[in-house]
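Chain nomenclature is as follows: A, B, C, D and E, assigned in order of appearance, with residue numbering initiated at 1 for each chain independently.
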Amino acid sequence: MSKKRVYRSKKKIGQIPGSLIYTGERSKEKLFIETFDYTKDFCVEKELPTIQESFEYKDTDSVTWINLNGLNHVTEIEALGNHYNIHPLILEDIVNVAQRPKIDDHVDYIFIVLKMLYYDDNQHIVSEQVSLILGKNYVLSFQESEGDVFDAVRDRLRHAKGRVRTLKSDYLLYVLIDAIVDHYFSVIEILGDKIEDFETAIFAGDVDGEISQKIQDLKREILKVRRAIFPLREVISRIEKNESPLIHKKTITYYRDIYDHLIHVSENIDIYREMIWSLMDMYMTSISNKMNEVMKVLTIMASIFIPLTFIAGIYGMNFEYIPELQYKYAYFILWGVMIVLFIGMLFYFKRKKWL
Amino acid sequence: MSKKRVYRSKKKIGQIPGSLIYTGERSKEKLFIETFDYTKDFCVEKELPTIQESFEYKDTDSVTWINLNGLNHVTEIEALGNHYNIHPLILEDIVNVAQRPKIDDHVDYIFIVLKMLYYDDNQHIVSEQVSLILGKNYVLSFQESEGDVFDAVRDRLRHAKGRVRTLKSDYLLYVLIDAIVDHYFSVIEILGDKIEDFETAIFAGDVDGEISQKIQDLKREILKVRRAIFPLREVISRIEKNESPLIHKKTITYYRDIYDHLIHVSENIDIYREMIWSLMDMYMTSISNKMNEVMKVLTIMASIFIPLTFIAGIYGMNFEYIPELQYKYAYFILWGVMIVLFIGMLFYFKRKKWL
Amino acid sequence: MSKKRVYRSKKKIGQIPGSLIYTGERSKEKLFIETFDYTKDFCVEKELPTIQESFEYKDTDSVTWINLNGLNHVTEIEALGNHYNIHPLILEDIVNVAQRPKIDDHVDYIFIVLKMLYYDDNQHIVSEQVSLILGKNYVLSFQESEGDVFDAVRDRLRHAKGRVRTLKSDYLLYVLIDAIVDHYFSVIEILGDKIEDFETAIFAGDVDGEISQKIQDLKREILKVRRAIFPLREVISRIEKNESPLIHKKTITYYRDIYDHLIHVSENIDIYREMIWSLMDMYMTSISNKMNEVMKVLTIMASIFIPLTFIAGIYGMNFEYIPELQYKYAYFILWGVMIVLFIGMLFYFKRKKWL
Amino acid sequence: MSKKRVYRSKKKIGQIPGSLIYTGERSKEKLFIETFDYTKDFCVEKELPTIQESFEYKDTDSVTWINLNGLNHVTEIEALGNHYNIHPLILEDIVNVAQRPKIDDHVDYIFIVLKMLYYDDNQHIVSEQVSLILGKNYVLSFQESEGDVFDAVRDRLRHAKGRVRTLKSDYLLYVLIDAIVDHYFSVIEILGDKIEDFETAIFAGDVDGEISQKIQDLKREILKVRRAIFPLREVISRIEKNESPLIHKKTITYYRDIYDHLIHVSENIDIYREMIWSLMDMYMTSISNKMNEVMKVLTIMASIFIPLTFIAGIYGMNFEYIPELQYKYAYFILWGVMIVLFIGMLFYFKRKKWL
Amino acid sequence: MSKKRVYRSKKKIGQIPGSLIYTGERSKEKLFIETFDYTKDFCVEKELPTIQESFEYKDTDSVTWINLNGLNHVTEIEALGNHYNIHPLILEDIVNVAQRPKIDDHVDYIFIVLKMLYYDDNQHIVSEQVSLILGKNYVLSFQESEGDVFDAVRDRLRHAKGRVRTLKSDYLLYVLIDAIVDHYFSVIEILGDKIEDFETAIFAGDVDGEISQKIQDLKREILKVRRAIFPLREVISRIEKNESPLIHKKTITYYRDIYDHLIHVSENIDIYREMIWSLMDMYMTSISNKMNEVMKVLTIMASIFIPLTFIAGIYGMNFEYIPELQYKYAYFILWGVMIVLFIGMLFYFKRKKWL
């Protein structure tokens, strides 16, 4: 079951380092390769049948974005990697989807792993690995499956919207990361809605026994989001600070903007974590309050009727000589006494604010 | 509902970086622009109908404060920003009200975002974004709506109170920030009063089921205040430490004073956080104590009357041969026995300190 | 009420920076000024009627200690400050008693704020602000009210006890701070006693409903002490590390001694905090244990007598044909059965360790 | 009992420093020595009867791996250590199995201690100490017992798989550490399964009184794993950063890969810790919920039947004059009243959602 | 009472700094002075009647260890201190037993305070202060009372075991500290046993009301041990890092060994702390479980017998016309009905897993 394995590593124990083995679950994904080759003046978009056709772009002056979907196709990834002189351990990281977001700074290129987050149709959060390699005049991107958040980027490239076509590959990298980070906002928006729904439900007392399980599930979702986002802050911060020749001074400002967004998202996540803990507290309090209410009902019923029953029991005794029994109005007097007792009890509980 | 969205980001997902979109809720606010242009000797105060009229102040020797209310008027903000050579990403930050307090140090100017806090008429806390740009001889300020905490500053400028007219734009910036930070004190004063009211209520046992919801609301208010104030400390600390040529040595002392105030406020906020947690604890304890009391009443009533009822039941049996029934004083003796039992029970519970 | 406002800031919102306004509660305190002027060979002690008489000591070679009580007398403080060239913001800090302990290192003098702690007659902790200014050949001290912890210092100056008369103003500053820090030990001693009294009371089960309120009060006292002492550590540590020409190498050792004492006190405070949390835990446990005991009594009484009452009820029925009723010894046999049941129940509860 | 001593130190109190005393429990382990001596071109594998036979490899150019199992054989270890000029304190550390993972950087060699983790047949986690010494052209490894995780390494050496035969001793060290770290993944996989089993059990309400003991055991397992893995991160990080001439630049990348794996494992462990705490919370909640349910059943039964019993008791009284008793249909009317009461009660509890 | 004062400072408030006042409780301890004077070739051991006899060793080439027991003898300590030129504040620290472990690095000597831990006859932990002064060719040690952990060291000196006689005073200091640290292991071993005993007791349900008090006591013991050991780590780490000419390069390795031991002990202490918190949790859970069980018994008894008693009550009514009463087998049928009800109830509770 997919959910069950969520926190598990999928490392292939005992393998020779540098061997490419896809560790994800989408092992039947079709290979999809597309390229955008552009300068300020033109933009050529292609969908490639084989990886070899993308090799020609390596030494052009134009900026090239090669996007590959389907990490199960390790042969093609290895071919592409070898052509661009990518270190084998990095190729291994690309197809091993249990990576934490990280950055590896090599001489000719920068390697970045991050996580794309979205909710699937069952409202389960999905964390998909995206690897990005920035070279002097190219960006390679690797994704598990076809659906992605890059449509707006494609659109901007095609129609030369914004500044993307006028700047270099480092700006393209920024635009891709920004698209992914932007999507985090909609994920935490949904998370926030879920938490508020719980809160409303708990306050309304409208809770069943499964709520603690649901809260537990929510905690996990937050953990998952946290694991995707928190290490990324460090990644972006290192891009900002590193003096890599691949990143131009002018684009640094844009990366700082991403960093601000990540800080913002992280803060929200921490707030949600704290709110979840409070929810659990409130739930416990509501259980205690309910128990209190149950106990009050029991105590009131018992305290009122047990003494009255005792009195009735007294006059149900069969002693030969019980003087009250013969007295004609005894029965009615007794009723009076019992009603007075009853009302007295009610007053007592009223004063104690149990009613 | 305004309250509901409080912790959410309003980022415009998928937009091109640098596009100006107001993300707040006051989209119908009227544009209001005022300028103060002053030196030691004169002070000219104007309310401007169009933003273009403020452009003339850019190259004067006098200090100019341009205050703009109404972040929904993005066109005017863009025009002003372009005239003063402000970076597009900063203009985007000004109108995107989901910023954390931060400082951006550019060559010609310093950009600062902070939050103005106040309680609205419904006693809900409101956090409004204020952006400040400090240039060589000007300060630009941008606010969401008209009501602000700068009246005392205006007054000092008009009547040359204090040192503000004799010093440069960096001191004006200090005065504006100081006015905002001063207001934090009244906000945490109200927070403190609320907490004490809860405390008194819980100690007096005067609590209803909604108190945990109210405590939760209070926690959120504190979170909100915290989010506004804590990052500001770092901002001020960076002003102190940065050797920006825009801030003179002599005014640094004043910024250190603000820093001290912020530390003071932050400390109080952390104390309030801790007190809130204690409140929750005390509330749980008071619930447990109440349940204890309820249980005691039930136990006392049941323990006293159940045995007595049993005795009465015995002599209500219809056996043909129960010798006691014939004995004349049996009934009275039984009453005696039961009264002794009753008193014995009372003593027992008294000794156990349940009464 | 004094206690209520304890954690609140008293900042004068909206005032011009540098304006001297006393923010404490002792606004009717009489002004008291004393001076000690001494070298190794002589020591002149005076009580001055006006602040102006203290001005003459500024340029002498002897060491001068000017001690001023009564922070409400802002005019005199301002006059003294101006004479000694103290920065206006520092004078503002002296009379604003809501300062955190801090150190400000100026060219000609060092400014230190700290808190004197003591228990008043109602056993409430009082935190009084003391400001100290160390100059080349003088120490100025400012206190809210007359009672202080400096008597031992005065005595040592008068009778040339210890090394104080043979050393410079930096040693005098040390002696004054040491006197205040020494007093912290007696404060935490009292705190420790209070905690132990609670512990004993909770273990003895001798608690009433107000104990959680008292624990809460204790928490606040600890918070107050913490706020006074923890920032002081940093202050002293900065004296040690700063290479101020006003502090001689040889006296640094003495400041390190104060630092050790502060670490010691801080550690105790943290231990007390932890013990307070444990107290709360133990109190909750004791409530649960009591409830358990109550429940056991109820359960034992009910479990024993409800079945017996049922049996009695059976033979109280009025069916025409109940064979047992006619049997002569039935009543006694029934008693036997009931006694056996009773004893069986007792054994059962004994085995369950409920008795 | 082995489990009991788990967290205890086994230090030999009062011994002279540098004396070799094996502190583990496998004091009857047979000595086993094997060597791999290889270059790119050949690989000689031997099992040695005496330690002295391994001495010849010290000054060869080929890379030598000497693996020794059986830490109880201190004489042989001392002999080997002396031959390779290992410091006596390091030899002491090798046989004292209560070490934390650590690295000691000497001039001629690097000493590393780490822990091999696996589950034994009773599903108890076992933490076995492995010591590694890296010299210029050799790696020495010391293990407590024979079973280890190095089989894949042996295989790669024999058949020249991967790059191991073409590189130096620093790569061999990497391969050995990598084999151990790889095994951590399977350990945390089992841990994760255990936690999920508990979670499922608690959610299904399928818990007995021993669950808190089992959770406690699980906590300990996690502690044990944590203690083995967390310090190792620092060890690897120091290998990365230290500029030891024994580790070549090119192999550093591989050590960084191990570091990434360790971060990954550590993160999972911290998540498990948090999940365990949540489990305990959920367990407490489930207890409270059950108690609530028990109380509801009691309250419903008592609240319904106690009043009805009271009514029956009334008409069981023996007053001479109770008018209802003579009325012919009274009995049936009473039944009606009681049924109405019964149904009314049910409705009341239904509305309260207790049913 | 000794135990009560445990966490209190004993500082002599208001005293002149540098005045020697013993603050411990063993004010009647007899003075005991012994010296070991040794080189590689000889070792002279003496017990001295007066402190003055130890003065001669100051300028010899041999290494001298002067051990003084009885901190109440301040005159002798002062005399020794003055002879060896020890700073007065250090002498004050030696006799003030409320010190934290610390190191003071002076030009001619290094001063170290640490705590010797052991369990006394009542199984209370005792923390005794030991001061060590390392000079060029001597070590001075000061202890509160006679019993110590140095016997093994004396033995090694006498019989030239190990390397102690061949090395200098810095190695002697190491040997003394190592002896004390070695003893920490036996202390935490006992602590671990205590915790396990509690655990076993709680799991076995074999707990009385005093367990929370005992857990509290245990917490304090751990705090005490923690306070003795944690600051010592920093002390040893500073010896390692400081480039004091009094400590030779070669002995640094030995100090690192102590450091490793201390890290090991500290880790265990932190684990114990965590286990104690878990114990408290488990205890709370066991209370809740017990209450649950009590409630179940009550609920079962009440739920079964209250309805049955109601039925019996019905047929105990004295209505003139109750048709069932006349029916001959009614009584037996009723028994049947009640038995069916009884068994039905049992099944119901069985299904709910309450039985």
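Structure notes:
Keep this in mind: a residue touches a chain if its C-beta (ideal position, glycine included) is under 8 Å from a C-beta of that chain, and two chains touch if they have at least 3 such contacts.
This is a predicted model, so every value here is computed, not measured.
Common neighbours of chain C and chain D under the contact definition above: E. Between chain A and chain B, two chains of identical sequence, the interface residue sets overlap only in part, with shared numbers making up under half of the total. Separation between the centroids of chain D and chain E, computed from CA atoms only, is 27 Å.
Chain C has its Cα centroid 43 Å from the Cα centroid of chain A. In chain D, the residues that reach two or more other chains under the touch definition are 284, 288, 291, 295, 298, 302, 306, 309, 313, 316-318, 322.
Taken together, the touching pairs link the chains into one ring where each has two partners.
All chains form one closed ring of contacts, and listing them from chain A in the direction of chain B gives A, B, C, E, D.
Within the complex formed with chain E, the residues of chain D that make contact are 4, 7-9, 11, 13-14, 16-18, 87, 89, 98-100, 102, 209-210, 212-213, 216, 219, 223, 227, 280, 283-284, 287-288, 290-291, 294-295, 297-298, 301-302, 305-306, 308-309, 312-313, 315-318, 322, 324-326, 328-331, 334. Here chain C touches chain E in the complex through residues 152, 156, 161-163, 175, 178-179, 182-183, 185-186, 188-189, 192, 196, 199, 203, 253-254, 257, 260-261, 263-265, 267-268, 271, 274, 278, 281-282, 284-286, 288-289, 291-292, 295-296, 298-299, 302-303, 306-307, 309-310, 313-314, 316-322, 354, going by the rule given at the top.
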